[in-house]
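Each in structure tokens, the structures are laid out below.
After this come two complexes, each holding chain A, first together with chain B and then together with chain C.
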Partner chain A sequence: MDSDDTAESTLRHRTSSRLQDCCIGATPLQKRIESVRKQVSFVPTPPRRKIPQCSQLQEDNDPQKVAFILHKQWTLYSLTPLYKFSYTNLKEYSRLLSAFIAAEKQKGLAVEVGEDVSVKVTFSTLLGMKGTQRDSEAFLVQILSKSQLPSENREQKVLWTGWFCCVFGDSLLETIPEDFTCVPLFLANGAETNTALVGTWFQKTFDCHFSPLAINAFNLSWMAAMWTACKMDQYMAATELLWSVPCSPQSLDISYAIHPEDAKALWDSVHKTPGEVTQEEVDLFMDCLYSHFHRHFKIHLSATRLVRVSTSVASVHTDGKIKILCHKYLIGVLAYLTELAIFQID
Partner chain B sequence: MSVLRPLDKQPGLNTATILLVGTEDALLQQLADSMLKEDCASELRVHLARSLPLPSSANRPRIDLIVFVVNLHSKYSLRNVEESLHHVDATFFLGKAAFLATGAGRESHCSVHRNTIVKLAHTYRSPLFFCDLEIEDFRATMAQRLVRVLQICAGHVPGVSALNLPSLLRSSETPAPEDL
Partner chain C sequence: MSPQKRVKDSKAQKRTSQGSDSYQTNFVALEEENLNDSKCSLKHGQDNPMKDYGHVDDEAEDDLKRAMRYFEKGPVKTSQMKDKTLEKHFRTVENVAWKSGLAPEGIDILLNVALSGKFGNAVNTRILKCMIPATLVSEDSVVKAISWLCVGKCSGSTKVLFYRWLVAMFDFIDHKEQINLLYGFFFASLQDDALCPYVCHLLYLLTKKENVKPFRVRKLLSLQAKMGMQPHLQALLSLYKFFAPTLISVSLPARKKIYFKNSDNLWKTALLALRQRNQGPPPEPVKLMLGPANVRPLKRKWNSYSVIPVLNSSSYSKEYGKKGMALSDYLSSNGSFPLEQLKSFPQLLKNIHCLELPSQMGAVLNNSLLLHYINCVKDESVLLRLYHWLSQTLQEECIWYKVNNYEHGKEFASFLDTIIRAQCFLQEGFYSCETFLYKSLPLWDGLCCRSQFLQLVSWIPFSSFSEMKPLLFDHLAQLFFTSTIYFKCSVLQTLRELLQNWLLWLSTDIHMKPVMDSPLESTLSGSMNSVSELIHYVGWLSTTAVRLESNNTFLLHFILDFYEKVCDVYINYNLPLVILFPPGIFYPTLLSLDSSILNQLCYIMHRYRKNLTAAKKNEFIQKTKLQFRFSTKTYQEFNHYLMVMVGCLWTSRPFQKGLYIDHEVLEKAGVVEYKSSLNLVHHPALLSYAVSFLLQECPEERVSMSSIRGKKWNWYLDYLFSEGLQGLQLFIKSSIHRSSVPTDQRA
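Here is the complex of A and B:
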């Protein structure tokens, strides 16, 4: 391990000194090239990560909005930076997106920008949903159905919700040019047709690109370990891991549920460095679960694919669906997802 | 436990023998079939093994090249290769061993990080190939490459020896062993 670390640092040193030779004030493009080189040169994944902690910024967020985010199933997307997005224009965006959606729904008929549409779109910021002060503010987009009847029944039904956020996105922020807003993580709940419509509008308006964020088994095992490591006052659900067995005629799933306190005890026995999770610990934790299972059932789980992890902190599926359950570790979960989203768009 | 050595047997006349080691039986079989389809002046022998050590009783020809096949979708296949490596003599790693990683194309299915296998190949100073063996065209290309490498390892290509291979097959992107 040690020799690898030094190799990486010497490589970085070399690239950075070379760049400084040609130009002193590095332009964003040069910074970008440097960051790409860093990734090409060996070992891009961090060998250790922090155990999710409560963030101070989180204190000043709106409890109502947080409650709204929890316990819902969100589909994850990664998003390239938005060009010329402004937080002062949210009202204007609401109007334009409402008109766009109405136009798309009516297919070809002329639509007046303004009142007379059956859906209404609202943009609002989610204060405090970020890791550092430098992170862009998170914002929420909702599609509401507007009742055609002019009665007092003003209750609006939420048809679709999506929100954009960036939590500890430092690695991307350092290379971002001025006119861009970086919110690499997009979470959607509602009909996929609406997600596609909103996606199209954002792509046209802010020159960005959405792509579904799948989470591979490697990252799922990181989540299993990190979330087991979280201290909980009270466990709401069992720790459950789901494996899918490849190559069988019908797909066969193996579910492995552990009492959360047992999982935590196992984690504590493999965990050494306080406050941090290392790759070795994640591997060891999973290997312990594998060998326990093999002892009882003579099945090598390591030959199958981990597809879902559910704990009291959150529940996530490999196809990019997540349900966050615990308010305390919301920021920590989002930080890891932001990291994965940034890694995907890089 | 018997350790596999490269030069403990006489070579067969005009024969080149490759040993493919990996848990993915079906993929290894398909790769072997593709290799045998290749047009080649030497007589090819392809041996398949799930893991090493090989049973000591069997009468087998001299092995000129060992390829360790790791499926990135399965941690088990990586562990199996890691354990098999203990049963190979160090002189094999002077050009007569290679690693082949399959499954990198379906990123969402990966259980093993790409860097883990890159590091493993570096540790053993051996070339690493990436190829999705499930895709027929890719497999055919890989088979062609392996046949060429095998011919060199068996000494059937004048002027090139297996000793040249580690440096010839190193890609420019990966650092030289001394940088690690």
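Here is the complex of A and C:
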């Protein structure tokens, strides 16, 4: 094989196609690179965001499923677009994923005799879990244990749950062709080995890639501000922020709990633009908290690292774990998480 | 192996095994064996013409023959020579074994030797360790070997090793009926505590339904009662339970993972090679089969093997699509070509229209054939899949993203190497790498994976420089200025490669489209702008670096290397671009103390001249297409540099224009007579040449430097040229009319 020759000929071919790209400048890949350049060159996050609102679409969602999602701790992942995923094949996927999990669980065993597949996988859509009509439909994957005795058949125990969603993912959708399904945010609850199995199957089947989604202190303070700004009928929990001081031998955690109404009052005092949150407001809000703390304890919290934010809306940890508490602002919380996930996969 | 041949083989073996009393028989048997040996190998190395094979390996075979005979005869008593010969023969056998494996007959002989206890334990062990079959192990040899075990001539450790060997080679034994008949014997060996795990494993491989008998079950259970829950016993028991569930009432923990100890690890690499031999020639594109393949034991619960996914064709996803597929899709996909079968380039060409793509596009990185495919594929989704996977993987693997996580540095470096090799193969950079650079450069310390990182920079796809500058080159400049001179040099080298890649890409581009349509014109001038911005950027970096490093020669070399590319853009790449170096580079090189720098400068000036004259000529000819007329400023700049050089080196009238130095200053410095001090004789870089020239001419006399003039001046020039200053020669030839001997040489 004369690789030089072929390399050259392919090079020529390729350059010609690239040349066209240059003129027209509109291939998906080109668009991606443009968007990445924009992202990197400007401040990583837009300086202003909307305060989470109750979404219209949310009305159609199944209250049972929403209840199922609330009050659970989810581990966050970002996910690149799924190639050739089809919502019409969910049943088939259930079957294949069950088989895959069963096969993987038996791998490496010298003997595993006469045992039936003990798990069952179900795929189902989560209607209404999106921001705009263009967003891909969210869907849920569950691993259920099959009980051995037929009498117990009714009650299947949920071993693991994961769901995929895209809320206001326009920036990603614009640059991705139709072959792909964009569900950049993946949330999992259950044993990590199961997450790994499901993730591996998805990666192999739809040529996508999962990455853990960590949330840095910068974004955590945004969340603290935005969620404090949410109007609540009744507060379920105190607003609590947790800072970590890296010192040996054990790190020191500083917890800062505020009565939610006080927090809201503070927010209202720094907040100017109605319906929106700006970077200045976030900074100011946090600075107020810092200076208050410093007055009492003579500790500069700004020198430590914010690791957790808990409010009545949701509670989130820097290592990518979230618990959503409030039904009303579910979509708003997911929209911000989707934004972070898209930023990570770009 | 054909059945006929096997009959013959086994006859030969019988004779060998019987023949320890007769030297002659042995020899005949061995002759025959070698014959078979070569036939055997021939069958597998299909491409070798028969004659060649015989000749090449003649000698080696003789050695092997002798070695075998030696082992078969048993140890020689005269101990002086013994160790040496033993070692020699061992080496022969081991070489052959690890290289191409031993023929069934060889295995037969050696097994015999190892288990008969003719030699000591150490020798036996060594023999067993190198018993790697070329293709197969004959059942007879195994049966014979087992019969030796009954005699009790070999030690426990040899027995263990033998069983391990047997388990490892189990798949390569040609028949197993006879061995299965010895089931009872093996089963009895379970008694031996040391052998038990290995025998269990062997039995596990060997057991058929009819072997499961109540008395054996009882025995196993009693063993288990005695030794406790041993994984190997459990494995065997559960196999028994599978065959005869009624016989075993004990419940076995079904959930527990039951492993055998990996007993074939001694021969693992050899076995891999063996498998490949048996399956025919390995796939052709070994060149790019580089990746870290399957060596990634720890870490990563998800992608357990390697960063780069394994190549699998996408039949998987096709299956799903089936329901909704249109008829035409179905027909077109019907004859699709599975990737696993793709071995050669012609195959790729033949099936390029119906190739099944890998289920994970990242797998192409390790496969040169698929890289070809990726290179010419029109389907954007293919490229997007690769883009996403690569971007994410780079981000995840990148070690300076994680605090204090440098333990995977080697892995990351080798991953980058794989990517770079793929890019070199394609002669094109991946977009994912570009975005990776944008994101990671601000965090890079300039040390970690430096060479890989810089190579990635050199493969950035061509695009607008001004757009990339704030994202990439500004950060690079910061690192550049604050790092060592070596870093500076490697950055300059990288930028030179980047320039070259861009130029190559642009030049092929223009050849493709000789007709310049209006949108293309703007694109081309835009492209030229981008290239010139890159060159100006490097000029700026270099000027500052020269000052920072106080005219370091090493650095100047790298800078001039860059300009050697720049000066030839018009001729070499047929692109309308001539950019001169900034004064901050020109003067330090002209005044450098190093002759090679001066020489290189002369060469570059010579090439600039060629390029500019060629450009001018073309402008004359093609008056219609003048959109790329070089500004007169370029010519003026060049002429200025040229005059300065000629003034310094040749006419001894330096710095006539543009540079004024106060006479007082010169007086203070004690160089009032400075005019000739930069000519070819007195220039600090050439002074030593002048001295050795004079010494060569008239070694005895005391002559002054200024004596080099007139005829001698010409001789001196020839001397300089003969000393390897080719650049100077080209420069003088093209820029100075030598017929007129320099006017001012009095000084």
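Here are a few things to note about the model shown:
Quick note on the criterion: the second predicted complex is superposed on the first by the 305 of 346 C-alpha atoms of A that agree within 3 Å, B and C clash if a C-alpha of one lies under 4 Å from a C-alpha of the other, contacts with A are read in each partner's own complex, and residues count from 1 in each chain.
The rule is simple: a residue touches a chain if its C-beta (ideal position, glycine included) is under 8 Å from a C-beta of that chain, and two chains touch if they have at least 3 such contacts.
Keep in mind that this is a model prediction, so the values were computed, not measured.
In the superposition on chain A, the chain among chain B and chain C reaching more residues of chain A is C.
Looking at the shared chain after the overlay, A:Glu240 reaches neither chain B nor chain C. Of the two partner chains placed by superposition, only chain C is touched by A:Cys208; chain B is not. In the superposition on chain A, contact of A:Arg305 is made with chain B only, not with chain C. Look at A:Thr200: by the touch rule set out above, it reaches chain C but stays clear of chain B. Looking at the shared chain after the overlay, A:Asn216 reaches chain B, while chain C stays out of its contact range. Within the superposed three-chain model, A:Asp170 lies out of touch with both chain B and chain C [touch as defined at top]. Chain A uses residues 3, 7, 10-11, 40-41 to touch chain B in one structure and chain C in the other.
Those residues of chain A that touch chain C in the complex are listed here as 1, 3, 6-8, 10-19, 22-23, 27-29, 32-33, 36-37, 40-41, 80-81, 83-84, 86, 88-89, 92-93, 96, 108-115, 176-177, 179-180, 192-193, 196, 199-200, 203-211, 344-346.
Residues 23, 26, 73-77, 79, 107-113, 115, 118-119, 173-175, 179-180 of chain B are the ones that touch chain A when the two sit in their complex. The residues of chain A lying in touch with chain B in their complex are 3-4, 7, 10-11, 40-45, 214-218, 221, 246-247, 286, 290, 300, 302-306, 318-319. Looking at the complex, you find that chain C touches chain A at residues 204, 234-235, 238-239, 241-242, 245, 254, 257-260, 284-285, 287, 301-303, 309, 312, 316-317, 320-321, 323-324, 344-345, 359-361, 368, 372, 375-376, 378, 380-381, 383-385, 387-389, 391-393, 395-396, 425-428, 431, 434-435, 438-439, 467, 470-471, 505, 508-509, 512-513, 519-520, 523.
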